[in-house]
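Right after this note come the structures.
In what comes next, chain A is part of two complexes: it sits with chain B in the first one and with chain C in the second one.
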Partner chain A sequence: MKPYLYMIKIKLLLALSYRYEVFITFITQIILLFVSSFFWKAAYKGIDSVAMVNERQMLIYSVISIILGNIFSISVEDSIRQKVRKGNVAVDFLKPVNIFYMYFSEDIGNVVTSVVQQIIPILIVSSLFIVVPAPASAVHFILFLVSVCCSYLIMWLISAIFGLFYFWVIDIGPLGEIKNYMILILSGSFVPVWLFPPIIQKTLVFLPFVYIYQFPISVFIGKTSPMPALTGIAVQAVWILGFGLLFGKIKRHVEKNIMVQGG
Partner chain B sequence: MKTLSRYGLMAMTLLKINIQRGLEYPAHLIGWLISNPLQFIFGLITIKVVISNFQALGGWSFEQTVFLYGLGIISHGLSVVLFIQTWYMGFLITEGELDRMLVRPLNVFFQFCFFDFNFIGLTDMLPGIIIFTYGCMAASFQFTLANTLNLLLALVGATALRGGLYTIIGALSFWIQRSRQLIGVQWKLFDYSAKYPMNIYPPIVQGIFTFLLPIGFICFYPASQLLYANAGFALPGNLCLWTFAVGIGFYMLGMMVFKIGLRWYESCGS
Partner chain C sequence: MQSAVILANNLSKEFITTKKSSGLRGAVKNLFKPEKTVKRAVDHVSFEITKGEIVGYIGPNGAGKSTTIKMMCGILNPTGGNVLINGMSPVNQRQKIVMDLGVVFGQRSQLYWDLPLGESFELLRRIYLVDRAKYEANLAELDRILNVHEFIDTPVRQLSLGQRMRGDLAAAMLHSPSVLFLDEPTIGLDVDVKYAIRKFIKEINEKYQTTVILTTHDLDDIQALCKRIIIINDGIIVSDSPLEELIEQELGHRLLIVELSAGDFHVTHPKAEITPLGSNRLQLKFRKDEISAAALISDISAQYQIRDLQIKEADINDVIRQIYARSKAACL
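Take a look at the complex of A and B:
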């Protein structure tokens, strides 16, 4: 456990050492926060609620979505891509640690960095100038925290599975981009899926994307009540199990057939 | 004259090499041909879903917003083809890659502009042209001579404006080493300013995006003139001509910042 905790710490220290980047990241998030809030205010002008969600709830939705976007900045896929390309992955395999736990620790380090650099400032600025992002109730908040952890695992496993493809083909081209766009639109990260036509909504329930952004946020704002939230968390657990098994299977295959290039 | 033809020949050779490189990996090209349109199709769906559930944003109908969005994507596509090298200028500086350009007997800015002609960027333009064509038909845009000329001025200006802003931000890497994050900020701002009419933002924000960081000229002001739509601010004169002037001005400013930054370049790497 100690080496992994050390990696989390290193990741945090590394991120804080680029002070301009810290500042720029902060500015980016604040701009994004204001622009999306102006957008939803314009959309709700003269309208009380749409799909049983009022303007205040929608503003909280967009604030929490930006926060989750920061938490979900997962680098496992990119790490594997770079290391496979340069051949550095051989060095990682020589280390006396499980490399996938190592990549996971690095990503947890990113989450800790996000909390310090972005999430706390976003919460402060949002509370002062836009909306206080308060949960619907304490129960909703606890369920939200649990579902966010599950969302994170789903996201991480999807990214890690895509990362494993690099071991096979060195470069998967824009497939990773396609995956990112799919997640962006189908997860309700900006526009909630409940605004889509009913047929699309019904189809998306059977895919993992809505369980990444929309589900935890709708629990937070109270659109999903506690009992359906528990069912949703169970569905998330099934997706984690499914992706976990797939990841394990591909990983075992990949570890037997590693090709290291470069020198 | 001799120097000019030498640079012309060099530019043509570099373009040829870059196109050959782009065609070298057909599967990669096909991949981008699928991936890039996807993001714009999703953008279009977002606009449709929002306007259907709520109302016309800032008084702009869905058809007018599609016209605006299409116009923005075309200039985005052109800027991706011509100016993609500015996005990873931080890498060129921190890895010492710029050193190679400094030892060649050619103008550094010229080399920087032509060493990566991004042929694949055309895959961004294709959906832009389709969306824009649909926007033109749906919003009943008239292709008169004046409108066509204004449209061309707006496209050249918007592309140069994007290129200028990218170059300025890329050149900041001479001072702060990593400016990639700022490019990310710009993408987000371009996305919000090209996808939705700018008059949905409060006047102070629109003022900033008009007079300080004039991204409103990328597609919002030209589209508002071409479609006679609500622009929020009443700006004097031909807005497409303004776009052209602002674009060229910003591109020249970008060149200037690059040249000043180059004096600060200390080289690194081994």
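Take a look at the complex of A and C:
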């Protein structure tokens, strides 16, 4: 376990060496925070609630969504892509460790870093100028934390599966980008899916996307009550299992046919 | 006879590449019926390396050196044949094998670009489960030859190539592996660093009986380090023999160059081939097994007065060039 923990520390150290970048990211996050709060304030003008969600809840929704966006900025896909292109993945495979645990540790390191560098400042700014992002209740908050962990695993596995593709096609072009936008739109990270037409809502229930952003956030704001929340977490677990099996299968295939670039 | 540390048996690797036809028609053709060509990068390679050997594994660019090394580390799976490292196969026991393996790819680095060198070392210490006392001792030992303490707190991106290479070598040896693969470790380095690296390889080999496989294009590396060389060309081993023997059988002769004081001479010798070089200089080509250099010199000095002389050692560069040329000709 120790090398994996040290990897988390290394990621933190690396992040601290990019101070300028941290600052720029923070500024964009704050702009996003204000823009979405203005948007929802304007949309709610003269309306009490939409789909049983009031203005305050919606503002909290957007703040939490931005925070989750920070947590879910997963690097495994991109780091495999770059390593495969440059052939440096060879060096990783020479270590007596499970390299995917290593990549996972790197991403956990990223989460720790973003909590310190982005999330805490965002919470402070939001509490001071927009809304205090308080959970509906302690029970809701605990369920929210559990479901965020599940969301993270789903996101990570999807990213890792896309990363594995790079081993044999080297470059899947815009496919990775398309996937990212699909997740952003269909997961309700900008606009909750309950504002979409009913037919789309019904379809999306059968896809993993809403379980990444919208589900944990609606638990947080109290739109989803504890019992349905538990059911939702069970659905998340099924998705984790499904993606986990798929990932394992592709990983075994890749390890059997590894291709390393360059002399 | 000691047991084999590395045993390659009919090791082969084929790469399938799709040939891209050009133009619009080509593009359509590629889409439906891509033309595939099979390239054999390594073709039935077999060798056995025993503990404590330093083996030079050489060949022209694209001969299959790196591919062989990659198969030995388990990064590439062979298409055919197998290889055993310490009796284990890299195909299914990669993690176990690499625990006792040090690898340096001269053109890649395993160090973290943005972090001080020492951080990468600390991570490796944990990956290879080296306890602190042993780590400190190893580092001190490595530092003695490679002088890594000079830049251990510098981010790797700020290191010069020579420093980075020394760092990479130290990183590969932190867990004192019994087998070391060095893929062009002296590429692009200056004379001093090359010397330090050679000295380092020699010392760890003598001290710990580390088995070293070295690929390089710098034949001075080979001459300084290797007792045995394996030459590969187009995926096929064309020669595998001790360095001395190779030079002997390829060249077989030496050159003696003498400068005589008398301007008027007519030298003949039954065991040497003589070519005048002008300005009183003669070149005598002889075989070591027929006549010794000392005997030849005394024969000549019995007739004429020798002002200056020089014995030319066989040049390994010539030997290798000759072998490459021959194996190329055989392919055509």
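Definition applied: the second predicted complex is superposed on the first by the 262 of 263 C-alpha atoms of A that agree within 3 Å, B and C clash if a C-alpha of one lies under 4 Å from a C-alpha of the other, contacts with A are read in each partner's own complex, and residues count from 1 in each chain.
Quick note on the criterion: contacts are C-beta pairs under 8 Å (C-beta built on N, C-alpha and C of every residue); 3 or more make two chains touch, one makes a residue touch a chain.
Every value quoted in this text rests on a predicted model; they were computed, and no experiment measured them.
Visitor: After the chain A overlay, clash or fit between chain B and chain C?
Guide: fit
Visitor: State whether chain B or chain C is in contact with more residues of chain A in the superposed arrangement.
Guide: B
Visitor: Please work out whether A:235 is in contact with chain B alone, chain C alone, both, or neither, and reply first, second, both or neither.
Guide: neither
Visitor: Name the contact category of A:13: first (chain B only), second (chain C only), both, or neither.
Guide: Touch partner of A:13: chain C, not chain B.
Visitor: Looking at the overlay, does A:115 come into contact with chain B only (first), chain C only (second), both, or neither?
Guide: Neither partner.
Visitor: So in the superposed three-chain picture, is A:174 touching just chain B, just chain C, both, or none of them (first/second/both/neither)?
Guide: The answer is first: A:174 touches chain B but not chain C.
Visitor: Would you sort A:44 into first (chain B), second (chain C), both or neither based on which partner it touches?
Guide: first
Visitor: Could you say whether A:96 touches chain B, chain C, both of them, or neither, answering first, second, both or neither?
Guide: second
Visitor: Please give the least Cα distance, whole angstrom, that chain B and chain C reach in the superposed model.
Guide: Distance of closest C-alpha approach: 8 Å.
Visitor: If I apply the document's touch criterion, which positions on chain A are contacted by chain B in one structure and by chain C in the other?
Guide: 18
Visitor: Which residues of chain A touch chain C in their complex?
Guide: Going through chain A, the ones touching chain C are 2-3, 6-7, 10, 13-14, 17-18, 86-88, 90-91, 93-98, 256-260, 262-263.
Visitor: Quick check: in the complex, which residue numbers of chain A touch chain B?
Guide: Spelled out, the residues of chain A in touch with chain B are 18, 20-21, 24-25, 27-28, 31-32, 34-36, 38-39, 42-47, 50-51, 171, 173-175, 177-178, 181-182, 184-185, 190-191, 195-196.
Visitor: Report the residues of chain C in contact with chain A in the complex, numbered from low to high.
Guide: 61-62, 66, 70, 73-77, 94-96, 98-99, 101, 103, 105, 107-110, 112, 114-115, 119, 122-123, 126-129, 155
Visitor: For the complex, which residues does chain B have touching chain A?
Guide: 25, 27-28, 31-32, 34-36, 38-39, 42, 45-46, 49-50, 53-55, 57-58, 176-178, 181-182, 184-185, 188-189, 192, 196, 200-202, 205
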